[in-house]
Every structure is written in structure tokens, then in C-alpha cells.
Amino acid sequence: MLALFTLCFAALSFEALSLEAQGAAVPKLAEDPRSAASTDTRPILIQAGAVIDAKGQRFAPGSVLVKDGKILAVGSGLVAENAELREFGARAVVTPGLIEANAELEPLERAEEGVEITPRLRLADGLDPESRAWAGLRRNGVTSAFLSPSGRSVISGRGAVVKTMPTADDRWILDAAGALKATTGQEPSGGNIVPRFGRPNSIFYRRPTTRMGVTWEFRKAFSDAQLYAAARQAGGPLDPDAQVLADLMASKGEIRMRARLLQDIRTAIRLAEEFGLRLVIEEGIESFRSPEEILAAKAKLIYGPTLFQPAGIVFGFGFGGGSVRQQETDRNYLATPARLHAAGVEFALGSAEYAASDRGLAHQAAIAVHFGLPREVALRACTVVPATWLGIDKRVGTLEVGKDADLVVWSGEPFELATRPVAVMVDGAFADAQED
Amino acid sequence: MSKKLLTFSLLSLVAPQAGAFQAPEKLAITGAKVITVSGETYEKANVLLENGRIQAIGKDLEVPWDAKVIDASGKVVMPGLVLAQTNEGLDRPNENVPVTPFISVLDALNPVDAFFEDSLREGHATILVIPGNETVIGGTGRVVKPFGLTVESMTVRVDGGMKISASPRRGVSAMAHVAELRKAFVEFRDELEVAAEKKLAGAKSEKKAEAPKAAGEKADDKKADEKKPADKKAEEKAAPVDPLKVLEWKDLSARQRALFEVLNGRMPVFLWCERAMDVAHAIEIAKSQGFLSRTTLVIGTECWKAADEIKAAGLSVILPSDFVHREVDPLTGKERETSLPKVFASKGIPFALNATSRGALLERSLLLRGASAVAAGVEPATALRAITLEPARMLGLGDSHGSLEVGKAGTLLVLSGDPFRTGTWVEEVVIDGAHLYSRAKDDRLQRLTGDSKDGGR
Amino acid sequence: MMRLVDSRGSSCSRSTARRVSLWLGSALACSSVLASAQEATFAVQAKKVLTGTGEAIDSAVVLVENGKIRAVGAGLAIPAGWTVHQHDGVVMPGMIDLGATLGGSELLENHESLTPDLRVAEGLDLWDPSFAAWLGAGVTSVYVIPPTGSVIPGSGAVVKTAGAAAQRIVAAEAGLEIGLNAGARRRDRAPTSVQGTALALRDLFGSPEAQASVQRAKRGELAVFAHADGVGEVRLAAQLAKELGWKARLVGPALPDQALAIARGAAIPLVLRPLDYGAEERTRRSYGALGATPHPLGFASLAQGGAEPGLRRGAALAVRAGLDPAIALRALTGGAAAMLGLEARLGTIAPGRDADLVWLDGDPLDLGTRIVAVFVDGKRADRGAEGH
């Protein structure tokens, strides 16, 4: 008991206290999952039945040597003395970590529903390192992801590119100010109310309430920004929201538009052209109906998710039933990826709100293969293509010497419905065991 | 007499009805890799069917000159898949009244429901359609094949099984639900006892009145009774009557017959347990009412926690179509996923996988469910049995369905490749020797997969 | 040797006890503490004095003069003529609750989410019975805050739980309350999301026309109490503090060790919720992992009125989970005062400080220890102290 009180703190005013100096005395705290890898300089040698580097080569048997979070070597029969050996057996196959090009993770944070046009919002501000979504993404073999803001606003702000293993510092955030996200179609108008009688006593008494209204809101925001830019040059006052849009137009920047039905895809193409923006189409459920238009618009397409048997072709989910999301996503067509590939469209795969579930990217890619997409194209659509489009291809996307040690070990051939990722490595550190 | 009639009608229904589908008398599937499930796997073998049954399987079998031939070179033949239980294809799955053992899906089954068309496409060739889980005793199901315009022509087995729920239905507490279930059996047994006593009393008075005259005529039947009437009386007083032995089908009302068949062990029982805690009640009730040996558990995802109890009771289970149990550990806050097939396979408990057309893409097909089970760590052979032979046994069809053996029903699939390989399709479906589905002629599927000329646009 | 007259000490009923103590009060004028409450000067001789800095002095004397502490130490000379009270137990500084909504139901202005100019001090009912409950639990000062429900519900005030009405408000504008947690957002009023909250705050703090309290917070003159629950919110709080120049305190993180990992680099003090019975294992571990961290800590009940703050119990449970006892004690007293910028008046037993004292019959972080008396500004203030 006496000992409890003998600890003496002379300095009471901690504002003056140098915290850094005393940092060493702090006992065990939340462990940074990657701290072990970054401080341990012992290399790890991964051996499996095959290694696919996503650059066109397949090493069988294959091995990958990893040190300090980077890839030291990729090949057949690598030997490294002093390395920690991780053997996964002859059936296992190693691929680069998958890149989820469109993760719309609802549980991360609710949409900002105060207003429809919020170009300055940054999803990175709402990131929760404790979310279970990261483990869900990793279970799908995903090591990097573009987190897309919710589609409940017309212009909902900037997404973020992250690694799927959060760290205590912000190292895991690759891009806190990713592409600007906008949404066409019916969903942004969902929940808005037309005031017919009584007092408008809710923030949801507002435009838009239809697809047309959604388009109008988008066009108005950018038209206003054009006018604003002119006025600003003449010495007008600063409008930070309009400034974002004006800057985007001036730099011919990228806009990510979630467009599901063909009419919405066309709207997105039209709007991007109108304001001189480079277009990325998210989801593109009905893109199979007109791949030519996507090719002509030089739009990047992130296709997916495929969930159900589509309505109208095989029974099941009819129009007019279910949520807006279901009505739109049910108009998919299971062979879309194969068909897009046949039409010469390069696309990435994405699983939107299912990214962290068991219908995430590994599943989406397997379905694409099941319905006719060649395996190597599916792999590219989950690795090299999104890495390039997200501007992180210097670090991830292939298994190459010097790149980040992000990889997936599969229980068999990847993108088989009967295989699964058994181990996932992010920046040289394996995530928890994937058993069960 | 009427019991004999029933047996006869049952037999006639279980027997393949070749005539109903204009099946050719002989069908040969040639050049395929044949997975028999129960025995060896043949490479480049032929399967010969005659009168709806398998006549021979083997390499270099001669194809009869008069057989219809399906060339399956480079393809895979396996038994028709067995959907262990579903409440789809019905007008509505659950009755409002909780205790309705006397109703049958016969009156609610809709042969033209799209569910059956889709089942045929997925290769689900034998299906138990049974009432849903939202009752106490839900009624009897039927084993059907997904083809035919009348329930009778679809039927494989009339007494498919009784659906009983050990888990509380919506809005009812577990205590009240289980109490209601027990009460239903107690009351039914009381009813039977009264009926049995009445029957015995009736027989006695009849005997007294008729005995002097009819003694000669009925000597065969009543000899035992006539010899020692006094002893018989003493026996009656000493031992209670066992209504199950005294009563016959004809003594019962239409309301009583189905549950009577459950108690005397002739009707299979499908016992629904949503949560692990329900399993103990289910086993206890099945044991006390004497139908444990004919019982299959239909379980929810949490029931893996009761796997040891299930094994000790010697039961088989039908897994939910989404067979991954997810829960957040209340202490660590971490999400935990448990794959049921792996748990039951590792404990050696027989299980059947299940599919539903109401679920996501992978939940719609037993083949894809099997693939998912393999992904979860189950041996491919075990996964294969879990969609063929195991469910067939649960339906009491282990001797006629679920594997390719000489003498068994000619119900099989031709697949484009190995069963669990991504990209494998059901190419042909043959049920009881009738070639009922061909992917090449499935217009709806072609629209779905892009083989259609307009590409689904 | 004088002994404390405890109105609950006898086996008779409460009303009898009150009558007895009243009688005692009048009859034995200077021999009871109740009577001594009127004295301007007195000395306390205690078995142990915990000063609130982490120091413990055995057989110490505390000299109190005109509501302030004149001196503390072992073997101090007691001036002639001073009454001496003997306490066969522990004396510690009055505890400080770094966030509670006491003093009325009208403390949340609901019309919009950012109302930085509202002051709790201007809507406060000092005679709210909750103050007495807090006092009974040994809490002599409370940082009264508006209830959670807005992103900036206003500024909080430091209030004593007893004493002369004119002196009870120690600091009328002690800190700006900012809610980054889910409770601060509502679906029907912007902002509805974390990222929207971040943007609204950046806009507010970036605006030259912002309210006076915002300007003061921006210059670091007014402390910002940022309420953050999840690790993501903690991360954002640290980032905004850096961007917007806050003198920040991080309030109520669900997992303190994770919050510490983030706050340590930014030198942001942590205000913890008291650990409660039945807390999840990961929560318990997280509190325990703080160990003997030198990082500034405090406790806030974050209660909205009620019968007890649970502050001392919460700290005791945290100690059972692994928090260093000396650290916990300091967080309840001196550390908390420093976080409010009131270390010259509150939180420690040292010359010149307010004579806010708590007498206990044992170690304050033992769950069985009872409070025997509470003094505010040198006057006995409790009416029969509560157990916890």
C-alpha cells in the first residue's frame, strides 16, 4: 500500500511536460500489426505450388522472398539462408494481393445526408481502423482498396485508397484525397420528400426526388462552378465548394460516377463530356448493353457486383419490388464481364457494398470466370488494372522485386469457387490466420 | 385391407413412372467420366438405362441397337442431386394454425412454379417439398421430381416426412413453443388411448353378442380371445393398452393418421432447430415420442455448437443454404466465422447441403454449395455425398437414389466438367430414364450467359 | 482525542441520527466536525495525506485557514488556539469530474448542430440535487458540460458541488465542447456523418467571422474537449487538433490504449470514462494496458444527472484491470485540475489551494473504502457521506 503512493510526480503542469522524452517508459500498448515486420529484418521465404506474378509469368513450384515489407525475389526454387520459411503445400497458389477498386463500406460511416453536393467531404476523415470491414476485405484476398463514398448524395466527396491492414499512424492510407465521387440514377433522391402540405420540418424536404433532379443537381453544381471560376478571376469572393469543382474542371480531373442502368451510364458519359472531366464508371450493371459507348467515351469501368440472377431473364426479383438498390442491381447480366472483355473493354472488378462480405472480390472474380471470363483477365481486373487506375501501380498490383510485399496464398487455383485465400500478407506481414 | 391398399399405392408411386414422360425404354450415356459416388469412378464409360432404371455401368459396354444415345464424351456423369428439404414451390410455406400434422403439401404444391424449372436447370432431380419452420407441427411433405404437370406425376414418395419445429416461431417464447409441442403429443396419445379402449370395448361387446352364432365363422380371428376370456380381462387391467399396437389405420380419422404414422415410426421426421439450445429439446422430444431413429435435424447456423449432442444422438443434419455461422465474440469484439460443413465433416456427422432459389447466386445451386464447402475445407468426396447420397438416405431413398448403381433409379446428370470446378455446367438431366433437360435447348439460360444471339440486350 | 461525529455512524434511524447530530452540534460546540464547519481556521491530523501529486505523507497535518490550505506536512507545528481534528484514516483532495451534465435539463440547444457561443454557466441550476450526490461521492468540482447531441453544444463551466452560491462557479467558460462521436450527430440535421462533421469544423474554424469562443479555441486560449468514441474518431480528433490549433483533450475513448497510441504523439491528454462493472474484456484490457503511462489522464463520468458519478469506483476498477494506482489517483485529482488549467486552485493539497478535502476510512482505490467527510472551501459540506 505504501508503495502505491511513493511514485512521485514533481511536474504537475503537464502542458510543459515533454511527452516524447518519457515515451520509452510506456508499457505495452495497442500493437501495431506491422511493427513486427518493419523492425524485424529477418526475411520471409514463401513457398507454394505456384506463383502467379500477374505480369504474365507463372512459376511452378514458386517462391517469393520478402524482407522489410518489400519483395526481394520471385521465382522457382528460391533459397535464402536465415530466412523464415513459410510453406503452403503443392496445391497452394500465390498471387499479388487483390485490389478492390470499389469498396462502398456502409458500416464504416453513414453518408453525409445534410446536403446533396458536398465536394469537399473526405471519406478519409471517417475511417475507422477498428472496423471489421478490414478483416472482411482481407478474407477476400484484398490488400488495397479504393473506399468509395456513399451513393446517397449527388456529389458525395472524395474517396480514399488504403491498405487493408490499418496501422496506428496513417501509413496505411495511400491516398486520403482520392477521386471525387458522384452518383447518377435513383438512389441520391431516395428519402427526399416533396413538401405538399404542412411545414417542411425535415432536411429531407428538398430536391432531387427523381433521376432528372439528380442530373440537374450535378449539372447545376458544375455550371455554377464555371460561373464562379470566371467571377473569381475577376476578384470575386471565395466559395470553397465551387472552387473544388472549378479546379477539377481546370485540371481535366477524374470524376467517379456510380451509374448502374444504361440510361445512367449515358448520363454519366454526357455530364463528363459536358464539363471536360475524365470518367470512371462504378458498378455499370447494364454496361453489357452497350460496351461500344463506354469504349467511345474512353471511360474506365469498374464493374460489379454480381449478386443475383437478374430479373426479367430468369424469374425471381421483379421490377417495382425491393429497394432502389435492388431494383437497379437486379438488372445485371451474369456474363457481363465476359462480354465486356469480348467487346474489348478493359475493366476492373469491384464489389461495392459487398466488398467486406463473403460476396466480395474473390467471389466476384470467381463468378466472372464461371460465366466465361478468362482467368488471366480476371486476375488483371483485380490487380494490375485497378493499381494503374488508382495510381498505386508503382507499389502494388504485381509480384515484382522492389514492390510492396502484398500477396495472397490461395488453397488452390485462384478464382475457383472451391478455393479460398488461406493467408494474406500486407506490407510483409501476414494477417491473422484465415482458418474457418 | 385398406392398409394393404396404401402399401400398394405407395409402391406404385415410388416405382418410376416411365410412361408419364414418354421415356424411351432404353437410354445410353456414352464416353463419360462416371462418378458413381457410392463406388468407383470410371473414365470413358457408358451408362445404360432401361425402363427408368440403371441396367449397367462400365467401360466398353455395348450400346443396344434400339437405345437413345446421349454422347457425353469428355463430360462427367454423376447422380441427380438431391435437395434435402425446401418449402419453395408451395402456395405458401407456413400454416397460421401451429399444430397441423394432418395437412399435406399435396394441396399447396404448384407444379408450374418457376422453382421447379430452375431446380431442373440446377440438376436438383429429387426434392423434398415440406412445410416451413414457422409452426409447431407443420404437416407432411412429399418427395418430388421437378417435372410434371400434376402433383401425382411429380411424386417420388408420398410420405416425405413430417415437419416439426423445436425452435420457437415468431412472436412466441421458446418455453411456450416447446410446451405446445409436448402438449400436442400428450393430447394425441390421450386421443389414441380413448380410441383404443373404445375399439377394444366395442370388439368385446360385439363378441359377446355375436359369439354364440358366429363362433364357427370367425374361429380363425377370435380363437385366442374365445379360449380364455377371463385371462384376457385380467391382462387388460394389469397392463395399459398400447394404442399403437391396438389401432389400425382404418380406426383413425383423417386428422389423426399422419401423426400416427410418426409415432409408429413409419413417417420420417424433419425437426427444425434454429439455435444450438433447441437441439437438446428436439432430441429429448424425438426420443420420448419414439421417433428418434427416423429423425433428421434441419438446423440453423448456430447449431454447430451442439454438434457433439447431435453425434451422440446418432442424428444426421441438413445444413442451411448459407452455412457460415458469424458471430461477434462478446469479449474480444472480433468477428468469428465458422463453416458448418467443416465442423460436421470433421466430427463424422452425416450432413446434407442445401440450396435455395431465394438466396444469393452461390446459394441457388447444390453444385456451387458443394464447391463452397470444398473451399471451406471439406474433402471433395464428402461434399459430393452431401448433395447426393446423404440427402437421399435422409429421405428414405438411399436404396433407390443418390448414387449410380445397377438397379437404382436412372436419375443422373451430365456435367460439362468436374462437379466443383468453376465454369462447370449442368448439360443434361435425366430423371427415371427420361431425358428432361438439355442446356443446349435452355433458352432462358442462354440469355443469362450470353450464348443467346441478342446477348441478352 | 476527538472523533468524527458521523450522522450515519450509529445504529439508530436516519431521522434520529439527524436529531442526535443536531443536538450534538449545539451541545458539544467545538468538539464535532459539524460544529467546526463554522471555524475559519483548523488543523487536521490524519494517518495519511494523499496530496494529489502522487505523493503520500504519513501522519501528516493539514492547516486550513479561511477556506484555503495554509500548509501541509508531517510534524507541522499547529498554531496556538487552533482546533485540531484527528482523523484515523486518509485525507485526499476533492475529486474532479471532467465532464458531467448536472444542473438542469435545459442545457442542449437543439436548433442547430454548431452553437459554440452557448454557455452552460448561463443555464445552470446550482441547486440541482445531483450536485449533492456528486459531493457525497467525494467530487468537489465538476466540469459541467452540455449533454451530447450536437457537434458543438457550447462551452462548459467548472462548478463546485457545494459552497457559497457566489463562489461556486470556478470558471464560467472552461472549455469548448466538440462531439465527434456518434451521439453528437443526428440523421435529420447536418452534419450527419463523421466526414461532414470534419468539414463543418474546418469551415467554422477557418472562418474569420467565427464566434468569440471559436476564436479563443483557435488561439489555444480555450481548451477543446473533443468527444471521440471509436478509434477512427480519435484519429480524426488528433488530426483536427493539429490542423485547427486546438488545445485539445480527448474525451471518452472506448479503447484508451488505442487512443493513447494516437494521442501520445500529439500530446493530447485523455479523459477516460470510469470503467464499469461488467465491462467487456477488450475494454478492461485496454484500460489495463495504460499501465503506468506518464501521459496526462483524467476521468469524466459523462453522466447526465443521476445518483452517483461512479468516478472513484471506475478508477478503482481500472486499477484492478492494470492501471497504476498512483496514476489513477492523480487522474482523479491533480491531473484533472491541470487539464482544466485550474491547478493553482484545485486538485492538490498544497499551500494556497482551495481547502477541498475528502476524508476516507482507507485507500481511496479500494472498493470497500467509505467516505467519511467532504470539505469544500474549508467547510464541511456533506450531509452524511455516501459510500462511493
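Think of it as A, B and C in the order they're written, each chain with its own count starting at 1.
Here is the rule we go by: a contact is a pair of C-beta atoms (placed from the backbone, for glycine too) under 8 Å apart; a residue touches a chain by one contact, two chains touch by 3 or more.
Being a predicted model, the structure only gives us computed values, none of them experimental.
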Closest chain to global C-alpha mean, per-chain Cα centroids: A
Top chain pair, ranked by how many C-beta pairs fall in contact: A-C
Identity of the chain that, by mean CA position, is farthest from chain C: B
Centroid distance [mean C-alpha coordinates] between chain C and chain A, Å: 44
Whole-Å separation of chain centres (CA-atom averages), chain B against chain C: 68
Multi-chain contact residues (two or more partners), chain C: none
Parts of chain C lying in touch with chain A, wherever the complex brings them together: 48, 50, 53-56, 185, 187-199, 203, 230-233, 235-236, 239, 255, 257-258, 260-262, 264-265, 267, 269, 286, 289, 291-296, 324-327, 329-330, 334-335, 338, 343, 348, 363, 365
Of chain B, residues touching chain C in the complex: 330-333
Chain A-facing residues of chain B, complex: 114, 118, 324, 328, 334-339, 342, 357, 360-362, 364, 368, 370-372, 374-377, 380, 420-423, 444-445, 447-450, 455-457
Chain A - residues contacting chain B, complex: 132, 135-136, 139, 288-289, 306-310, 313-316, 333-335, 338-339, 358-359, 363, 366-367, 369-372, 411, 415-420, 435-436
Chain B contact footprint on chain C (complex, rising order): 280-282
